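Shared chain: chain A. Partners: chain B in the first complex, chain C in the second.
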Partner chain A sequence: MAEIELKTAPADFRFPTTNQTRHCFTRYIEYHKCLNAKGEDASECQKFARYYRSLCPMEWVEKWNEQRENGTFPGPL
Partner chain B sequence: MVRALWHFHEQKNPIPQRIVHGTTIEIIRTIFPSIIPMFIAIPSFALLYSMDEVVVDPAITIKAIGHQWYRYEYSDYNSSDEQSLTFDSYTIPEDDPELGQLRLLEVDNRVVVPAKTHLRMIVTPADVPHSWAVPSSGVKCDAVPGRSNQTSILVQREGVYYGQCSEIRGTNHAFTRAPGYIGRLLSPLWLSRTTRGRGASHPRSKLLQRAAGAVGSRGARQ
Partner chain C sequence: MRPKRAPFFTTLGGGGEGGLHTTGAKWFMIESQRHSYHLVDPSPWPISGSLGALATTVGGVMYMHPFQGGATLLSLGLIFILYTMFVWWRDVLRESTLEGHHTKAVQLGPRYGSILFIVSEVMFLFAFFWASSHSSLAPTVEIGGIWPPKGIGVLDPREIPFLNTPILPSSGAAVTWAHHAILAGKEKRAVYALVATVSLALVSTGFQGMEYYQAPSTISDSIYGSTFFSATGFHGFHVIIGTLFLIICGIRQYLGHLTKEHHVGFEAAAWYWHFVDVVRLFPFVSIYWWGGI
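So, the complex of A and B:
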């Protein structure tokens, strides 16, 4: 059986504590900033996408996606 | 005490010294003991916060979303926002368990995790505060609305571990179960074999397929 590598969002030294709310939010913003800077199809941005999908509850992601579509997203995109 | 014994010794000091008060010493003996705990607190707080840090990068992240039940999401292999492996985990009612199952501990869909692997649990509630706890693994993590808490687990042995919600919210909430989860596999093969088609008939894949199927069939159950 071939070994596969399990990968997930790494521990970020900017967010060392139990509260990872800001970590999840920051990864989400980093992904969208990357998309805005490099275009929708940039493969470099997929790393951030994987990170925020691992860390953030899907309900939060859906809410933020809706807010972005409505133009009411509170973060710095 | 020794000083008192000397000063009140009848033969050595027949007229004992009368000490009424000493302002200086009283001030010193009040302030000095309150400085000592400050010196104890500084390394103690440093240790307390460092205990919560994640030292080793985890290999897998599992999200536990607290409702009256728990919903689990495995999102490490999504290629879009909609593709999480998500399932609900309900306690099996008292009149339903099969022979050998533990009353009010078993759940319909267990959380499956790899053994001997650092895993990160992200715990958050959908409504009110909860607390995700697995005592036999030494884990308890509060789920606070609007906040996402992480805790690290390393399951040393394969087996089934039972947990309970540790923040009681509503009817029968004392029986809300965190996982019955199975630490399985000594190699990280479990996810690839189970979700990527080639091992689709493998027994582990059936477990995760059943878990994935639970979203459609039981998602609305109260």
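So, the complex of A and C:
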């Protein structure tokens, strides 16, 4: 059977605390900023996508995606 | 020998140290009491103030919940409290300036009291500035991790706030001018200085009112509005109270109540005014200037 490689988001010195909320939010923002800058489906952006998907609860991600669609997302995209 | 006085001041009783301050009756009273303290006559104002406070608090709660008559009770309570303040302080003025009970020892009470009150006001405003800093230095994820939050219209600190920032300290300088005039015995000049102080204060309050009127955001607009308007609003309320205090000092000075040795009420007003002044600087820098960029 092939080895399954398990990885998660690397420890980021910008967020040394136990509460990683801001880390999750920052990765989400970085992913979308990357998409806006490099265009959809850029492969460089997938790194950020994997990070935020490891860190963030899916409820938050769904809520933020909905806010982005409505135009009410408060973050700096 | 009676000191020379400007014609539009009145003096009561004999001349001596300061006209209004030393009537013949006072000397008799001090001689018979054998201590330099003031045992106050019974007064209804403490109980009336308490009743007013009760009415205000109960009326306030009724107003904020679905009970009839809350607004009426709240307004009655507030009017009662204001009336109590007016008559109580009028009595203090009568006892000190007209009856002469306020020896140096007695004056220490109002002096320390004023200082402690101002310290308590500093603590009060400190709480609001803490709240402002708490929200703005590490903005939460729910508002996007940025400050000011997205979509909030902030006031340009280079416009009216920047204009008001020299006006209030100039008013503070004018009150110091008034103080020096009182200490030098130049009574008419002290009146002019107080008029200047109050005019500058009213101008700055007027500008602040205009700014509030056409501000792009309100107190209901996210945590920004809550912290901005409660901090600046309470500061503005204190400016209005300080202005009223200074107007009363101006009237008393005009009537000749204040002498160069004895003017505790004026000093309390001047300290309060300086406190209001200094407190204004902190929000200008942290809330208007830093908080808007």
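Following the convention adopted for this analysis, the second predicted complex is superposed on the first by the 73 of 77 C-alpha atoms of A that agree within 3 Å, B and C clash if a C-alpha of one lies under 4 Å from a C-alpha of the other, contacts with A are read in each partner's own complex, and residues count from 1 in each chain.
Keep in mind that, in the parts below, contacts are C-beta pairs under 8 Å (C-beta built on N, C-alpha and C of every residue); 3 or more make two chains touch, one makes a residue touch a chain.
Owing to the predicted nature of the structure, the values given are computational and were not obtained by experimental measurement.
If you put the two complexes together on chain A, you find that chain B and chain C both fit without a clash.
Of the two partner chains, neither chain B nor chain C is touched by A:Gly39. An angle of 80 degrees, to the nearest 10, separates chain B from chain C at the C-alpha centre of chain A in the overlay. Of the two partner chains placed by superposition, only chain B is touched by A:Arg50; chain C is not. In the superposition on chain A, A:Met58 makes contact with chain B only, not with chain C. In the superposed model, A:Leu6 lies in contact with chain B only, and not with chain C.
In the superposition on chain A, A:Phe73 makes contact with chain C only, while chain B stays out of contact range. Of the two partners chain B and chain C, more chain A residues are in touch with B.
Of the two partner chains, chain B and chain C are each touched by A:Thr21.
Superposition on chain A places chain B within reach of chain C only down to 8 Å, the least C-alpha distance between them. When both complexes are aligned on chain A by C-alpha atoms, chain A residues 21 touch chain B in the first and chain C in the second. In the complex of the two chains, the chain C residues touching chain A come out as 141-146, 149-151. Of all residues in chain A, only 21-22, 25-26, 29, 73-76 touch chain C in the complex they form. Residues 49, 52-61, 63, 65, 73, 75-76, 78, 81, 84, 86, 114, 117, 120, 122, 124, 126, 141, 146-151, 187-189, 191-193 of chain B touch chain A in their complex. Within the complex, the chain A residues that touch chain B are 1, 3-11, 16-21, 24, 50, 53-62, 65.
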